[in-house]
Amino acid sequence: MSKLFRSSVRENRKLTTDHYLITLRPLKKIRKPKPGQFFMLSVDSGLDPLLKRPFSLHRWLGGDFQLLYETVGKATNILKYKAPGNVLEMIGPLGNGFPAGPSKTGILLVAGGLGIAPVFALAESVSSRRPLLFLGAKSRKEVLCIEKLRSLGIRPTVTTDDGSLGKKGLITDILIDFLSRQSSTCLPVGKVVNRYRVYACGPKPMLREMSRITKKFRLKGYLALEENMACGVGACLSCVVNTTDGLKRVCKEGPVFPAEEIIW
Amino acid sequence: MAKKKTLNTKVSIGRLKLKNPVMTAAGTFGYGEEYSKFLNLNNLGAIVVKGLSLLPKQGNPPTRIVETPAGMLNAIGLQNIGIENFIKEKLPFLRQFNTPVIVNFFGDSIKEYAKAAERLSRVSGIQALEMNISCPNRQAGWSIFGTDPKVTSKVVKTVRNATDRTLIVKLSPNVTDISLMARVAEDAGADAVSLINTITGMAIDIRTRKPKLANITGGLSGPAVRPVAVRMVWECSKAVNIPIIGMGGIISAEDALEFIMAGASAVAVGTANFVNPRAAQDIIAGIRSFMSGQGIHNIKKIIGGVNA
Amino acid sequence: MAKKKTLNTKVSIGRLKLKNPVMTAAGTFGYGEEYSKFLNLNNLGAIVVKGLSLLPKQGNPPTRIVETPAGMLNAIGLQNIGIENFIKEKLPFLRQFNTPVIVNFFGDSIKEYAKAAERLSRVSGIQALEMNISCPNRQAGWSIFGTDPKVTSKVVKTVRNATDRTLIVKLSPNVTDISLMARVAEDAGADAVSLINTITGMAIDIRTRKPKLANITGGLSGPAVRPVAVRMVWECSKAVNIPIIGMGGIISAEDALEFIMAGASAVAVGTANFVNPRAAQDIIAGIRSFMSGQGIHNIKKIIGGVNA
Amino acid sequence: MSKLFRSSVRENRKLTTDHYLITLRPLKKIRKPKPGQFFMLSVDSGLDPLLKRPFSLHRWLGGDFQLLYETVGKATNILKYKAPGNVLEMIGPLGNGFPAGPSKTGILLVAGGLGIAPVFALAESVSSRRPLLFLGAKSRKEVLCIEKLRSLGIRPTVTTDDGSLGKKGLITDILIDFLSRQSSTCLPVGKVVNRYRVYACGPKPMLREMSRITKKFRLKGYLALEENMACGVGACLSCVVNTTDGLKRVCKEGPVFPAEEIIW
């Protein structure tokens, strides 16, 4: 099954000023993507933008699938105008998804901003395991997917930088509070290790902090990284990150990496 | 109209015979594996692998690429697994295909160039060597290999003496007169020249006031540079008698034919692989259909065929 | 946030004071008239007019331009009405505006350069001269003015002695080391350097097998070249102390700011005028709004402000 | 009235495999364009295609107007996908239109291929003067506007290269036949001069031939020329043609020139 395919746009819904949810229907059967995997997508057939852009699986609808995106630059500001009937060329699913982990461990999901795009996919796939979700954003209007999460039975703990929704502050601080309470009141630090697994996606500073947190609480954590990509398939070496095991490609060995492997 | 089966797309680069003139450009096609699921490697004229050095290299820190209008800047910095690892881990895969393998390589001194060439020449399954003297992303001083005619002459001569494989010298566009550099390479014993490598460029994030690439500058490639590359191929084709491998922004069969008419015996597809992982194969098909549409039976008939 | 009225966008090029750093690029804005219905010439930092020579020139035969990916090739060949006609027919119109006029000029010999500079210096209403030593579309041999440091030095020195106006030397990107050329111009007495002129390129019509331009080669401009131009401005800004006027593919305020942060005291808008006849004015407005958004009161604070 | 304006697409109708008729509504009042004048049009806001493209006025609808175009390359193959609601930036009307000439003279219109785009506009504006129209094309399906012309009371003389419609051959040969008959049977050569005015648009070889014909029959002729354009407003000097009066800009002094002025 070649990973190069075209999809027709089914719907392209504006969620906030800068956020859109696009529903795509592959024009041929594709491999079922795993949460954490991504697609490289051409928003146009022209030469500008030139390269395909990476977008994470947001929701698999058993054939159709959804991407959640923010309009930040050239490609995304073209993508937002795509309408039903338009056809987009893409490659995927690419990379490795989030590893599920043993079924007894609790699942902590942490999403910063658009990090909710892939984290939601994971939340949906593990919703029966009652994951806890920590969701940080700049302000109220950047807090996405709350409704959809509720329908999965997940009520995220929310923080915003400006306090316009949830607690004011960083989501990682809330996570630290939570883990500290767990360690001090319920369990010895050592026990937290096996009790939870953490999965996170968000801006770099948040992920760096996540590495520190998982180390401190000796938790197994997985981080979905982003790096500028040209090929998406491991050929160009543009997306490398430094790990304890040498340079690794976000597109190929990632985008999900064990938190302890990343050298920040 | 020429019938499809009677089309002759064979070209020669030195003693190397290619079934068609379309190869991949170094550094844009990994070690071949990565794209083998998208196209049939047997269909390619040749596979040029990511630039290798004697020892593995780390390359530059990220951010390593940034898109620019109709192009991209890269500052990978020649990260590679090293020649020995390539021979052990990657070459066996490539040997399965009926397509010549061209190894792009570099050194940080004339001695290292020679050693690398020697080592690569002792291995079967490598049909030609492309020496990269023109990467804009190495440390200061490195660029003289590709911009100072005296140094170029010396390094090419030394490598020439170190290998009996078809030797291709990859030229830098960051010079006043590329045809002079092509002549220098020819005189020093190159079997062919390939051009262009990337043009040095820079992009700045005005909000953070930092260069977008960690390496500050990078190499510009993609359609944006094509007119410059075509001009340089044309200039070189008037200056040397050895074959030219043309590249720089080829994204379609039309683009490839522009290079061929400008004087390239073969072409390489680089950045286009990222845009369309099947680009090289699509371009070969497109060349064939242009030939049959125009009644051109033999591709050699149009090499250098521009009326200028 | 800086209040709009407190924004200081003034910059200096030698003794020349500009109300803002945005000028038009030679050859892309005619003699000012053509665009005066689209924007207010009083808003511009300066107007640079089409390159002039002592006598009128015919330029090259058509086809003179062709579009390329995110850019264009031109081979106008410096067609112009000559200095005398300019003074008589065009300058009176330009004198009405409260905007400095910079005359771009060239000669076919050192003597002609000097004569042209002398003549232009005897006229009021011309605030600065930009000497073009870097057009890729003149006859063979002409390019040495901009690519051979010895010739460059000589022609700039001669013109320096022939004029007391602010003298800007326009550099060619078709060289191995543009910062060397900037130093040569500085040492020869230039008050400023401007860069880049166009990069030599070529395009071929594969169906007719003819170059798309009658002149065979032409100069590449537009967004495609921007990363190369930004890099060159940055290199020159580290090499010289005189102001730099940056250009090459500026189409938006962001682009202009990239050049300013790379080290340009002013910028010129070229190909973008064709895309949007109001481009220069829109760019000025965009720079002001960036400044006020970022709390930058004085544009001088960000000239060369890249952290690299 | 600035000539820079935006128009919304009202309709974009496919006429043949390669020909489209687009109807545009300026978003602000524009000067009424004359037949022979043209617009520079951006098909997209991106950088590729970069330059605006010139298209002649095809039909003025008293506010809205139409362009007739052929899909030949990058820009026109994007333009064909524009749909009602899309907005295009343009400059115009530009250049000089066809000069009308004294009302007693007969009008001969000659169009080769897409040359009918501006020639139709002229035909419509002089239809009361019963112009004769000579229309050449490659083959039947490239013969455009026949119906519309009929409704103006104009029945063109048609030739096609392959004879699939009208006479097989060149339209200029038919014109020569016509003029020869007029000169020999009805009028002395000298008289043809004042009897007719010729207006032509079409491919270069046809226009070159038109210059010869008008010279031979000493007719006053006007040719609408095309040349690659960057600015469209006279600033870049990319569109010059050699005339008896020196180099002239097609966009500014043209696109319509007296036939005898052009040096081929």
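For clarity, chains are labelled A, B, C and D in written order, and residue numbers in each chain start from 1.
Basically, contacts are C-beta pairs under 8 Å (C-beta built on N, C-alpha and C of every residue); 3 or more make two chains touch, one makes a residue touch a chain.
The structure displayed is predicted, hence computed values, not measured ones.
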Other chains in touch with both subunit A and subunit B: C, D
Averaged-CA centre spacing for the pair subunit C and subunit B, given as whole angstrom: 34
Chain centre separation (subunit A, subunit D; CA means) in Å: 56
Mean-CA-position distance for subunit D and subunit B (Å): 46
Set of subunit B residues in contact with two or more other chains: 69-71, 222-223
Per-residue overlap in subunit D, given as positions that touch at least 2 other chains: 47-48, 74
Chain contact topology (line, ring, star, complete or other): complete
Of all residues in subunit B, those that touch subunit D in their complex: 69-70, 223
Subunit A residues touching subunit D - in the complex, by the definition given at the top: 44, 46-48, 74, 78
Subunit C partner contacts - residues on subunit B that touch it in the complex: 68-71, 73, 147, 174-176, 199-204, 206-207, 209-211, 216-218, 220, 222-228, 230-231, 234, 249, 254, 257-258, 261-262, 290, 294, 302, 305-308
Subunit A-facing residues of subunit B, complex: 27-30, 34-35, 37-38, 50, 58-59, 61-67, 69-72, 74, 76, 79, 222-223, 251, 271, 273-278
Subunit A residues touching subunit B - in the complex, by the definition given at the top: 2-4, 42, 47-52, 74, 89, 91, 227-242, 247, 252
